[in-house]
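Could you have a look at this structure, given as structure tokens, before my questions?
Note that the chains are named A, B, C and D in the order they appear, and that numbering of residues resets to 1 at the start of each chain.
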């Protein structure tokens, strides 16, 4: 394992410190809870939006804190949901008169930590709602499982609720919007390589030189199945087949198309996939009117990509159009 | 069989030390079909338990166990934080209400912990989680306690049952936790949490014996 | 080699098509010359800014075309300077009444292509200037070599001349600004892995599991020397030593600090490096007042990073502050 | 020795075919201390030469060579585009002005190409570029032409000199091109462009012989 780090245990704290040092005017760092928060939070004229989830998915979510998006993010260690205390203390710190919305990618650990924190915060008199994101079509949803995972599609929920909160919407309205966007968002991912958590020091799974993992999760969880490496055209067909067929998206729909890099894939390849997917959707009568290409939700240095579709309407367009200022920026 | 508060502390210390010692092993188990952080998470929490050991509140066994729960809840992330935290919290609750710590109470404590874990995570036996090691172990203990067996006999049997049951999770398909996302591919390797329980109970039985020998 | 692509020969064209499809309102794609240009170019109220260089460095430079930055980029194939014709035809297409500035990273191939294109364009009556960027301190500069390479620091030159041109500065003034920024910009990079050009299909060099390459170029050219993997602290010391000592930057200076990812390194590690570098500079009395963390100039999927410093003054601050709208965006 | 326009076309065809056939080999040579794109760049240009072969302007040998130069300049990137483009352009210029294509003119053509390359890229002999194969080869040809040697003799000697000189670049430190950035580490492997020249000239000599045999 070769990574830019000192000590695996200091990986997350040192990353968070870097974010704070790079954004001294807009962000505050609370080391006790791995918390990156807007320096002007809580603002009592808006609902506070909080994300947790594990680390290793950057820019999600610590780098998407800022005006128009999150008020705070309190991640756990690499691929581990935050300890319940982090969420509880963050909720107290960011408690606004208009309430707090906890955004949770749907995983067992996260779900429990956020639900426990919600219970405790409500007992403290804070108005709290929890919203689960579960856009991953790779995972079968059924009553006896933990349900679908939340993956890169969480960006759209975060952006939409962030815009609504910034515009002054009340907690019920913000929740309605979040649920609405989550309901029209679907994602599937594919890995070309595994990834190596710093503390483990070895890849989470072995993938042959000509193998790919289809339907991979963002924590190195193996996916639906292993397959032989294929052309970009075939890979896009596989991803679109799973995603389009799921909602389903149909001819006449207007959609946002996201090609999200999992960490180790260069943006050149992401744009290449984007172009192919855009045209294949057009051929099915589905029109892409919003494009998102880059890294939104990664798995450390895993090479791979996920494809997300969001069915658009005027309300969602308006929310995605709204300005936002986040730490993850390039120019 | 009946135990003292010092015995409870001894057992907790073994749990903590075993979790720290097996960080890598438990992590590797979790990376077969999970995400590999299980060993790291446990170790980060229990190393605080060890570091703070001398200053922990020892008013009574119940308070002690609940103090451990607090450390776990504030330090351990992932699924393990809430699961193990809840287990210690509920265990502490029963201990607090009990005058003595005899065999029946030990079984009650274990049962409360199990119910807490079930309520928190929604899992049942057979879904390939640590419950598949803990529940049969609790049943074995209950039977032996009812038969009036001595402490070492109870512990050895508990260790054997935990180990057998943990290994047996190999044939199960995961229905909870990250491993469940892999569907049928989760079959063929044991659950990380269940194996961890087996390793820990084996350590407890072994070190209980050594302690008895040393003080004899 | 596992990459998202169909045919290596179509790698660059399919990537460019993706960029164009993702930005239908703002960009135009001219396939004959690998050209991505602003759809409103040439604008005769501003100097046109053109970059070429090889592909494989994305977002440089095709994804940094837009208001306030480049008017056009006409890259060659992966790691190859564009054929002279591309530059010549691009210069003609983007010829503005206020002239054209050709930005060139200082490599033999690029230099020749751009100089030939300049000659031909001038013969056609177009006002053209060429500006060479050479920020890489890893390479010894001397009369008998080709001089220093242009690497990630080119971002600052591009941003500054883009802002000046947008504000209406004339060609001489734009050149003055570009030269000024280049003169105070220094970079050095380090690779943790090699990269694999699509057409070659194998890594450009072999690096052991515990080896790193110090002073690596952005085309997989080996660097100054090979070393054992080291801690992030030690790596930052090495990079800062080379970069700070070169200009030199001294106590009391105000600087921009860029940690640029080479393609395969996740942004978490980049922020970790950033934090360490920021503090080490502070300890030397050098104050970081502008931070840039992310991918600016990559080498395909190479894992690694480069560190750039720019000595700031009020004029440069103003230019870097100016708004820009480029295709490389995340939200 | 004297050649016809058809011979020039034959030679260009061999150059183009050899460049296309050796794409991978030339690329690998360039990746030792360069950036590995040399084979790809040459192949992409010369495959157009082959594809357009039948429609190329054949008014005279000079026009033909300059047409090749245009294709190279518009299709080949990197350092090789301007270098090889300039070489063909200058070669064509001399051919155009010459009535016949006798040995002296061939030497003049080569010299013009060399001067063009020097002017364009600023390199001199000894800086580890293709000039280190081309210049000695031109010198060999000049000597043999002056001695009145036959065409196959000249070509065989040219191939030998190109090969020897190209291999000899191993001991040089690169002062031009990307390889120069590696400083002393460029010592120990031959220059990619020089080896490419050797391979091409060897092919020319060999296929010239085969053509003569076939038509004999």
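Note that in this section contacts are C-beta pairs under 8 Å (C-beta built on N, C-alpha and C of every residue); 3 or more make two chains touch, one makes a residue touch a chain.
Predicted, not measured: the structure shown is a model, and the values here were computed from it.
Colleague: Going only through chains that touch each other, what is the minimum step count from chain B to chain C?
Modeller: Minimum number of steps from chain B to chain C: 2.
Colleague: What whole-number Å value describes the gap between the mean CA coordinates of chain A and chain D?
Modeller: 55
Colleague: Just how far, in Å, is the C-alpha centre of chain D from the one of chain C?
Modeller: Spacing between the chain centres: roughly 33 Å.
Colleague: Can you check how far apart chain A and chain C are, centre to centre, with Cα atoms defining each centre and the answer in Å?
Modeller: Averaging C-alpha atoms per chain gives centres 29 Å apart.
Colleague: Got the chain D residues that touch at least 2 other chains?
Modeller: None at all.
Colleague: Could you say which residues in chain A touch two or more other chains, in rising order?
Modeller: none
Colleague: Take each protein chain as a node, join two nodes whenever their chains touch, and name the resulting shape: line, ring, star, complete or other.
Modeller: It is a line, because the chains touch in a row without closing up.
Colleague: For a test of understanding, state which residues of chain C touch chain D in their complex under the given definition.
Modeller: 9, 54, 76-86, 107-109, 112-113, 116, 138-140, 144-146, 149, 197, 199-200, 204-205, 217, 219-224
Colleague: Which residues of chain C touch chain A in the complex?
Modeller: Touching chain A from chain C are residues 2-6, 11, 14-23, 55-56, 58-59, 63-64, 69, 155, 159, 192-193, 209-210, 212, 229, 231-233, 235, 263-276, 278-279, 288, 291-296, 298, 300-301, 303, 305, 324, 326, 328-331.
Colleague: Note which residues of chain D are touching chain C in the complex, please.
Modeller: 23-24, 27-28, 31, 33-37, 40-41, 44, 73-83, 85, 120-122, 175-183, 185
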